[in-house]
Amino acid sequence: MDLKTFTSPNGKKRPIFISLLTLFTLLLSIAFLVFGILLFFSIVTFPVNKWVALFAGMILSFGFFLLSKGFFTLQNWARTCLLSILIVILIGILILQIFDFSSAVFAGKEVLSLGEIFSNFGKFLLKTILHATAPGIIFFFLYKFDDVFSETPKQRHDFDRIIRNFLMGTALSAILIVILIFFFTFQESELAITEIGLKKLLTGTIWRPGAIIGTENAQFGLVPMVIGSIYSTLGAILIGLPLSLGTAILLAEIAPDFVRNIFRTSIELLSGIPSVVYGLFGMVVVAPMIRQIPVEGNTTGFGILNASIILSIMILPTITNITEDAIRAVPNSYREASYALGATHWQTIKDVVLPAANSGILAAVILGISRALGETMALIMVIGNSIAIPKPINENPLSVIFATARTLTGNIAVEINYAAGVHRSALFFTGVLLFVFLLLINRLANRIMRGNKTK
Amino acid sequence: MSRKFFVLLSTMLVSALILGACSTAAEAAPTAEEVTAPAEETAPTAEPLSGTLQIAGSTTVQPLAEVLAETFMEANPDVVIEIQGGGSSVGVTSAGDGTVAIGSVSREIKSSELETYPDLAIYTIAYDGIAVIVNPELDIPSLSVEQVRGIFSGEITNFSEVGGPDAEIVVVSREEGSGTRAAFEELVMVYKDENGETVETSIVENALLQQSNGQISTVVSTTPNTIGYLSFGYLSDAVKGIAIDNVDPTVENVKNGTYSIYRPLSLLTKGEAQGLAKAFIDFILSDAGQEIVAEDYITVQ
Amino acid sequence: MNQPLTKQRELIRLKKTSREFKNKRRRFSQTIAFAIIWTLGITAIALLIWIIGYVFIKGFPTINLEFLTTRPAGGFDGEGGISTTIVTTIYLVVFTIILAAPLGIGAAIYFIEYANEIKNRNRFAAWLIKTARTGVEILAGVPSIIFGLFGFAVFVSYMKLGFSLLSAGLSGACLVLPVIIRTTEEALLAVPESYREGSLGLGATKWQTVTGVVLPAALPGIVTGIVLSVGRIISETAIFWVTLGGSYRLPQNLMSSGRSLALHVYMLATETRAFDKAMGTSAILIVIIMILNLAINVSSKYFQKRLIGK
């Protein structure tokens, strides 16, 4: 076979550039093999396990050998492969340069002045162009020579299949992540279950992880945290449900269109506010306000009341949106029938529409509860984080809302950074508890909603 | 129109290029090496004067470490030191696990910790006092150690019992992983009774728990009727430091032995400190470093 | 109300002429009920305005060029600005999207385009796909602190990546994956079947159809999903609190730690007295999210018009 005049199945002559590429990839293949062998026998050193080096060398060498063979016979897949590799290299160069540029401009005490930014930008361009020249030229020419390459229909079919399997892999990634989460959190919590025991964890009322000097009898009872979570969620629902329900009825039935639009955009805005801002607001505005309430023993302004207030605002958009959708989903025929029977608008809403939207409203409330239970940062900032079971601060049992508490989520967030051993395992157990519980709640809500849709 | 825009854009790019080329040529040293894989820069390199150093742990040590790091980085411009908080226990676990190069603690290392991480090397860099603080609106004269103990354990519940106004006491404390808390508990909450037996009292259950010295300061300064404790380094006019047995919480009083609530601040490494970590620790223990320590803390000597 | 106009007028007429409506007592209770409902609704909006208004009023005065271009400097009074936090947030967002978008879009493409053929042929594959779908649903409901815990256990501790952009990005990608999958699925479903049939009829392979015809048509929806994820990442705190660390310097590479805007608000609020700066940072956060939401609204309306216009 005459190298220079080999013609591709298309009948085109192979350009010299491609021949050079073939040679280049062949050389790379040999180089990887040699390098791998050298590393294995420690003739050259590199901070990598020698078996890994040998293996990697062999694989890379084989890969590049295939690539060179592909170029020799002008296969399309070789071209696609090399193009993708080059794209990755080019993007990598770009990213590294951007990091450098960004660090130079922003990392100092102050951002650099415009002139300096400009000159740094110039440096960035210069370095990028310098580094990207070689890969870029190869890329450009390879791209241009596309009609020299060919592929058989079988190859196209195979490629399709490869893509399909690859995509299936990505689809399975979602379940892989869930499995990983299950696996890791369960595994980490195992120590707690064996050493402390489920009974003590779930029914114990004292949480003292045992950093107390000398005391080895650490206690890991989760009951205070469970009660804290329940109380704050309950409070949030008590305050938030009327508001959300009222707003939803308003938007779905009563308000004119322009009011509806204003409300809709506002509620969307509400749902976009980060939770830390709510926490900040609770600390700076709500806490002083609560302190003003003349109740005996009310001193800090932090506690369940504060948490309930800001939590209710946070779940407002969730409940309102779903409830409104549920109300709108009630067929108009119901309403018409009701009016025909002579009912007023309010009677219609009260006796016909709302009961019909029942399941949707229930689903909305459940989702709101799940959101409230899962909230972390905002609550840490306003609930006080004390480890005691919230108790009324004076004779009136209702004053428990002024007590400070800690939620299950807060427990994890506050202590995870430094927990070790059994303590850490107990925190993971808390996570598992939350995870499983919220899972069940969400499935329930989804099932109710789906049942609603098929009506 | 779009042609003009194109011309303008290319002019700008070319001038930026030229400017960049000039400034690159003007620089004596070449810029950093390129690697096509993500660079591994957290481990200290062989050359002690470049690389990234990560420090995590005590929030007490944090501001001190920041100041020391600033000076060190000015002297060695290719070094970047990143400092995080989390509490002394984070310092122990991160250093022991090797997650960070240096862990910081503001208390003694427990024997159980040494069991878990046997090759932990401890370098004491300073001593720091713990001050008992109250909200600045409270007018309280000095307190005795017994009174402080009573307040934090929940026996004393109203400020009027200790010479203050009639208001319920709100106790603010650190979370259990805190070195400051551990030191406070050991120095104040534990005591020997009449028979010479060691009695341990614990901090009251409904104390507001905070995760750092800074948080304690914020809560105590903005919430009325609160009492808490924090490191000397965080004392400011936002909170009121209480005198213990009529001894003010100042650095001098710790030095001359009249104020007894203090503890060592230490840096931990996994195994002997090496490379960049060693250079930094050496700097801190040198005269220059200790001079910086002496500004708000007590030096090792 | 998407009813034709005559139906609406009919309903209103029915409401106003019904027998009960003419009854004074019934009318009265309706008025009370509606008054209560209007009050509730207005209270909800008032709360929103209160929060945003307060944050803006307290926050905007602190925002100036110096605030935006200086690095935070710690200290009890929260000296410094937010320059590095802004850049760190950008790093974080870009990195997380790079990780999550290909995975999420690929998964959605598989579910919509390819899964149907397999379902009929292979029982095991069908079950696998159903489980994967459930997996996505489960992921969507997991609270963010669990992702943080997971990220801490796997990336920070087990894989020894430490507090870094890498761990934070990986954890964040897990968080937004369900969002991207869901929105991409919806976007793909919205592409008319005729597009696909036409392309296949011209002889293109499945993959060519997907990349050349379906994806471009579904692009607006996919972009919406990505923008939603960006918003989510920017507002998240808990998950980055345990994986990113809290250093206020700029991360030098993927293995460095840093501080995002939301995290900075948390730090400012709890560790310093600089509540006004916290408000300022919050104001910037809210403005960014507002702009993102606006972009989604405007672009979806624009693309809907284009699609319908065809």
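The first chain written gets the first letter, and so on, giving A, B and C; residue counts start at 1 in each chain.
What we mean here is this: a contact is a pair of C-beta atoms (placed from the backbone, for glycine too) under 8 Å apart; a residue touches a chain by one contact, two chains touch by 3 or more.
Owing to the predicted nature of the structure, the values given are computational and were not obtained by experimental measurement.
With centres taken as mean C-alpha coordinates, the chain found closest to the middle of all protein C-alpha atoms is A.
Compared on C-beta pairs in contact, A-C and B-C come out with A-C as the pair having more. Farthest chain from chain C (centres taken as the mean of C-alpha atoms): B.
Chain A and chain B, compared by their mean Cα positions, are separated by 31 Å. A separation of 10 Å divides the Cα centre of chain A from that of chain C. Each chain gets one centre point, the mean of its Cα atoms, and the points for chain B and chain C are 36 Å apart. Taken residue by residue, chain B touches two or more other chains at 210-211, whereas all remaining positions touch fewer. Along chain A, residues 417 each make contact with two or more other chains. Under the contact definition stated at the top, the residues of chain C that touch 2 or more other chains are 249, 252-253, 269-270. Interface residues of chain C, counted against chain A in their complex, comprise 3, 7, 10-11, 14-15, 18-21, 23, 26-27, 29-30, 33-34, 36-41, 43-45, 47-49, 51-52, 54-55, 68-71, 73, 80, 83-84, 87, 91, 102-104, 106-107, 109-111, 114-115, 118, 125, 128-129, 131-132, 134-150, 152-154, 158, 174, 177-178, 181, 205-207, 231, 234-238, 241-242, 249-250, 252-253, 262-263, 265-266, 269-270, 275, 278-279, 282, 285-286, 289-290, 292-293. Residues 74-76, 156-157, 160, 162-164, 166, 245-247, 249, 252-257, 269-273 of chain C are the ones that touch chain B when the two sit in their complex.
Chain A meets chain B in the complex at residues 89, 92-93, 96, 100, 118-127, 129, 131, 208-215, 287, 291, 297, 299-302, 384-388, 391, 403-404, 406, 414-415, 417-421. Interface of chain A with chain C (complex): residues 99, 102-103, 106-111, 156-157, 159-160, 163-164, 166-168, 170-175, 177-181, 184-185, 188, 242-247, 249-251, 254-255, 262-263, 266-270, 272-281, 283-285, 313, 316, 320, 332, 335-336, 339-350, 370, 373-377, 381, 409, 412-413, 416-417, 427-428, 431, 434-435, 438-439, 442, 446. If you check the complex, the residues on chain B that touch chain C are 38-42, 52, 54, 56, 62-63, 66, 80, 82-85, 97-100, 210-212, 214-215, 217-218, 221-222, 234, 236, 238.
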